[in-house]
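Below, chain A partners chain B and then partners chain C, in two separate complexes.
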Partner chain A sequence: MLVNRKLILAHFWLAFAVFGIALTLGAWQMFIRSPIGTWLSNPELYYRSLTAHGTVMGYVFPTLVAMGFGYAISESALQQRLVGVRWAWAGFWLIVAGSIMAVIPIALGRASVLYTFYPPLIGNVFYYLGVVLVVVGSWFWVALMSINLRVWRKAHPGAPVPLAMFANVAGSYLWAWTAVGAALELLLQIIPVAAGLKSTIDAGLARVFFSWTLHAIVYFWLMPTYIAYYTIVPRAIGGRVYSDSMARISFILFLVVAMPIGMHHTFADPQVGAGFKFIHSAFTALVALPTLLTVFTICASVEIAARLRGGRGMFGWIRALPWDNPMMLALAFSFVMLGFGGAGGLINMSYQLDASIHNTQWITGHFHLIFGGAIVIMYFAIAYDLWPHLTGRELIDVRLMRTQLWLWFVGMIVTTFPWHWVGILGMPRRMAYFDFGDPAIAPQSLSVTLSAIGGFVLLASGIIFIVILARGMRAPQAEAGPYRFALAVHEPKTVPVALNTHALWVALMIALTLTNYGYPILTLALTEGTSVPAVYVGAQ
Partner chain B sequence: MSTRDLFTFSNPHFTRGVGITAAILIVTAIAGFIVLPFAQPWVQFANVWDAICSAAGVPQRAASVTAPEQAKRLSGVVLTSNTLSRPSQEAIGRGATLAQRCAICHGPTGISRADSPNLAGQYAAVIYKELHDFRSGARTNAVMSPFAVNLTDQEIADLSNYYAYLPRLPAYHPTPQLPKPSIVIYGAPMRGIAPCGACHGSLDNKTGSPWLEGQSEAYMKAQLQAFASGERRNDISQQMRNIARAMTPQEIEQAAAYYASQPPDVVKAVD
Partner chain C sequence: MSAEDTHGSAEVAARIERRWATIAVVIIVMMALLAAFAGIHRATMPQPRVEITDPSRLHLSGEFVESNLGSVLEANGNVTVRAIGQQYSFTPACIVVPVDTPITLRATSADVVHGILIQGTNVNTMLVPGYISEQLMRFTRTGDYLMPCQEFCSFGHEGMWGKVKVIDKTEFEGRAKGGGRLSCVGQ
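Up next is the complex of A and B:
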């Protein structure tokens, strides 16, 4: 039951429009700092572009996808009209306003601070206010997801919450809490300086606040993808979810352990004690657990589909899978990229190994593979799956969809594998210009050139994606029927209260945040003399 | 089903969830705060509490070591991008009066006819810093130092504001404009040299760095050589010495000749 289709479509269209722009900037960045581009001799333009690319890809695009998908889940999984539609539109318009407010100073070169803010570098105050508006808009969504679930519970006392909605609300709570770190950094530290009320800033504390957001935001990006793994893919390929409880446990684990681990982003920072770094590193290891559970459950679910289609043998069933189905293809590509990305992640999370790849191109290679690859390819799949239900028109061009997914996969591998490699060789990230004429780095030209070519393949894939969706708006009308989610092998009749509600897990998430962040934040905040003068972008 | 049944020890999910989480936390805390600190043979701890404090990152005072004596004075100027912003008309007027003493070398309009630096329209923070450095002895020059030693803080601020206020006129050594040498536009990343304009005003300005367009070629060359040899050392944190040392003599000549030939209109405006 998708009633508010316009609302959902608005979120998706805005998401993919800004994605298209940011993707173009990304390809340009890759090209301009590679040996095949001619350097334009102004690093400022590069950082302008990088700030726009990172801000859109990190904050605006995934948030809009999660929101649009969340509204769709709420209506179709709960079979209930969305409560608070006006608030949902208000949240959407806040995001539009915030994005415009942020992008103007970026375009003028007044906020080239990169999406991680980099204090004591301080840009124009409207950039930060714009980001705050985007986050506030998304909090409207968090509240609405919670309210809609509550309304549904009232009408269905004791009934198991549909898995898609359970996971969706878990993701929204995770986002609500993890965004607090960056919000504190912006409101208490950066905005007062950017507005001219203060001229010094405690950069170490700011980095700790940001790390509070920086890890769990990754799992917020990942939520729509995992929801699609569990609740869309099995249905789309004609199978069933192997275990409903396993799915719930995975989402619960994300809620609890994705949050108190962000200090693995500050391993190289002197202001955090080594003991806390160790705890965060150990908890980071735990976060692999829900991903392993997911990989297992989804492979089992896929095997069920294959066997239902007559697949046999130990591995022979793999051939029986519907490989011409874009959803199947997207899932397989996503898993391959998740596998490689996850392996790289093990290196990042190890306190010692991290030292060798810290701040190198390895890091950017890593998160493009996981985020731009494994996660975003499922965003495409979600859009393809939902589109007919949103537009009331059929998406006919299945072959083009397959081409698009193939291009994204191949492009991502070609881009990110050499990207990791040059990182291992020591190439720093966030540099605007490399002198490949110098014998010391000349051997890296080939790798960087490959990455740049991969970037254009990705751009081509992104354009095809948008063309497919746009053509889908004009295709002949066809009623797609109600939007359904995958059923479990054993559909739950009752679910223990702990697996049907979020309160316990949210409480644990907050408790672990206090234990793992409380002391470092308090000491940094209370120690005198830890602030440094702000450095204003473009100031004289 | 209500939260009353959830948050109670008779609920196995609650007991196990909280128990396992707490157990992991305790085990990792013991490992991180006690076991691992003592596993480092190169660090000595007085007792367990000492190790815990160290692992928690409790701020500690460093043992009182006195800084080594500097053979020469270094710059003591503190500059933020707010130093000297928004001067009053009176301040500029006072600066104009004081500046009459400077005109012999720096020119009545702030454009030098000799090889002294042009000051017209220079960033205020730059003049402020150099005058302070001349006064403290962090920078020395046989002609300039005697003028600076007797200036008060107020006079330095007024002079800086006055010169910053003057229009940026083209300089007196109009050479035909030269093409940009690569050291200026690209720097030399492998030697740690950023493009000059990244600090000196044509791309971006970092507080305390002067813009250079139209300065005397001989003057700039001499300064770069002085930075390279360490004879001049009032740059904060060796920012300019590190660059000048890594430049080749040809690059120094190219950069000086190039900047001398440029008109001042590419310089970023002060706001």
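Up next is the complex of A and C:
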């Protein structure tokens, strides 16, 4: 039962609108720094665009998708009207206000510090305040998810929480806690300097705070995708979830171990010692576990669907899958990209191998493949699946959806594979242009050109996506029926308390963060003489 | 399907799942052990120690004053290179080192966050103002290497490229005889 459709649609539309803008900026960036573009006379424009692209794609777009999807899950999985609709709208408008507040200084070139902030570079204070508003708006959603689950529990004492809602709430807690790192960096360090109250800042400490957010945020982006893997895909392709409890364990593992691992982003940094670097590296290996479990469970669930459709043989069942179904296609593409991206991720978190690719284009390729590829392609699939239930109108053009998904997949591969390759050759990140006339850089020009072409394929796919959704708003009316989630092969009648509640796991998440971050943060904060003068952007 | 069948198939499913989970855990433990082994046995690891310095006084006194930047041949035959990064260049902009020699790179930043990456090698470190970065390296091949700044350091970042020139050991020793700090700036 989806009652607050307007609220959910508002979140999705705003998400996809800002996504469209950021995607266009991204394609322009790919073009302008490639050999087919001409050099920018003012490289600063590139960094404005890059800051906008990162801020939107990192903070605004996935947060809005998670929120809209979260409200939809809460209403349809719990079969309960959303409690606190007014607060939900308040959160939404805070995000709108925050985004506008952040984008104005970016557009004026007063906040070209990239979405990762990089103090002691300091931009206009309104940029940071805008980001804070976006995060605060999303915290309204976190609170609402928790409250709605509590209301449902009161009405259904002891009943198993539907898997989709269990995972959704786990994702919201993960976000609430992971955002704390960047919030501390902004509130304690950056904003006082940006507002002119202080003039020095500890850049090393800021990097550690940011690493707290920087890795687990990826798992927050990932949550809607994993929820779709487990609770939408099997239903959409006519199968069942292989195991309900394994699904719960995976989401719990994400909640607990996604957090205390962020320092693998600081392997090359001088302000963290070897001990904590190693601990975080080992913990990062651990976060591969829920993904390995998920790959198994989802492949098994897909096989169930295939065999129910008459598939036979060791691998012959793959042919029996409904390949004309956009959800099936999206899942397959998502898994291929997750496979390559995950393998690259193991290299990044490796205590030894990271040095070969740290801060090269390999990293940019990696997270575009994982986030832009494996994760975002499932956002598309979620939107296609939910749309008829939100609009009360049918999405008819299935062929166009398939074309769109194919283009996104091909575009992402063409963009990111050469990107990885030039990274191995040592091409650094975040540069407005490269001197392809230099004999040492010239061999990279073909790869960079390929990436730029991939960027345009992605842009085309993004435009088609928005066109499909927009046309869906004007299609003939058709009642889609109640929105359902996949059932497990063995639907649980009772679930152990540990797999039905979050409190224990949230406590463990906080405890592990404190053990893995407490000491490094405390020592850095207490070390005298590490604060350095701020360098104001746009003041030169 | 009878209740017993359902129960039986649930057990089969759980058994297969446990097997897969065990394999996954073994893979992960192996990875952590390999990293620990390579770190301890081969001493390949990220920078282990934390050292601090005051970026606003770098030019006045201490290790990173201008006259001390560049390459120096130590008494034990090793080489130490000292460098700083600032918006938007490295000093020295061209680093000269001998081939097949253990080299310690010590570097820091005078203003914002920079990074040093030597293309074609795995030499790669951040320069964070307030902290000293140290990297151990050894080149097995003479020639010129590009050394871009790998971290966004504001509007001139794309122009911040240094160079490393790896030369013959005896040639380096000859040039080091005069004392002082070596570099290949202007060559």
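What we mean here is this: the second predicted complex is superposed on the first by the 539 of 540 C-alpha atoms of A that agree within 3 Å, B and C clash if a C-alpha of one lies under 4 Å from a C-alpha of the other, contacts with A are read in each partner's own complex, and residues count from 1 in each chain.
One rule holds for everything that comes next: contacts are C-beta pairs under 8 Å (C-beta built on N, C-alpha and C of every residue); 3 or more make two chains touch, one makes a residue touch a chain.
Everything numeric here is computed off the predicted structure, so don't read it as measured data.
Participant: Let me test your reading of the model: by the given contact rule, A:Tyr483 touches which partner, first (chain B), second (chain C), both or neither?
Facilitator: Touch status of A:Tyr483: no partner.
Participant: Counting only touches as set out at the top, which of chain B and chain C does A:Val256 meet: first, second, both, neither?
Facilitator: In the superposed model, A:Val256 contacts chain B only, not chain C.
Participant: With both complexes superposed on chain A, which partner does A:Ser356 reach: first (chain B), second (chain C), both or neither?
Facilitator: In the superposed model, A:Ser356 contacts chain C only, not chain B.
Participant: If you stack the two complexes on chain A, which partner ends up touching A:Ile441: first (chain B), second (chain C), both, or neither?
Facilitator: both
Participant: Look at A:Val272 in the shared chain and tell me whether it touches chain B only, chain C only, both, or neither; answer first, second, both or neither.
Facilitator: In the superposition, A:Val272 contacts both chain B and chain C.
Participant: A:Phe19 in the overlay: touching chain B, chain C, both, or neither? Say first, second, both or neither.
Facilitator: In the superposition, A:Phe19 contacts neither chain B nor chain C.
Participant: Looking at chain A, does chain B or chain C touch a larger number of its residues?
Facilitator: Result: the larger residue contact count on chain A belongs to C.
Participant: Now for A:Ser199: first (chain B), second (chain C), both, or neither, which partner does it touch?
Facilitator: In the superposed model, A:Ser199 contacts chain B only, not chain C.
Participant: Could you tell me if A:Glu44 is touching chain B, chain C, both of them or neither one (first, second, both, neither)?
Facilitator: Both partners.
Participant: Once the shared chain is lined up, is A:Tyr127 touching chain B (first), chain C (second), both, or neither of them?
Facilitator: neither
Participant: Determine where on chain A the residues touched by chain B overlap those touched by chain C, and list them.
Facilitator: 43-44, 271-274, 277-278, 282, 286, 431, 433-434, 438, 440-441, 527, 533, 535, 540
Participant: Can you list the chain B residues touching chain A in their complex?
Facilitator: Going through chain B, the ones touching chain A are 1-3, 5-7, 11, 13-14, 17-18, 21, 24-25, 28-29, 31-33, 36-37, 52, 54-59, 80-82, 123, 125, 180, 185-186, 188-190, 194-195, 198, 203-207, 268, 270-271.
Participant: Which residues of chain C touch chain A in their complex?
Facilitator: Interface residues on chain C, with respect to chain A: 6, 9-10, 13-14, 16-17, 20-21, 24-25, 27-28, 31-32, 35-36, 38-39, 44-52, 54-56, 87, 108, 111-113, 115, 117-134, 144, 146, 148-158.
Participant: Which residues of chain A touch chain B in their complex?
Facilitator: Result: residues 39, 41-44, 157-158, 199, 256, 271-279, 282-283, 286, 431, 433-435, 438, 440-441, 496-501, 503-505, 507-508, 511-512, 515, 519-520, 523, 527, 533-536, 538-540 of chain A touch chain B.
Participant: What residues of chain A sit close enough to touch chain C in their complex?
Facilitator: Listed in rising order, the residues are 43-44, 46-47, 112, 114, 118, 120-121, 202-204, 207, 242-243, 246, 266-274, 277-278, 281-282, 285-286, 288-289, 292-293, 296-297, 300, 346, 350-352, 354-356, 358-360, 425-434, 438, 440-441, 489-490, 527, 529-533, 535, 537, 540.
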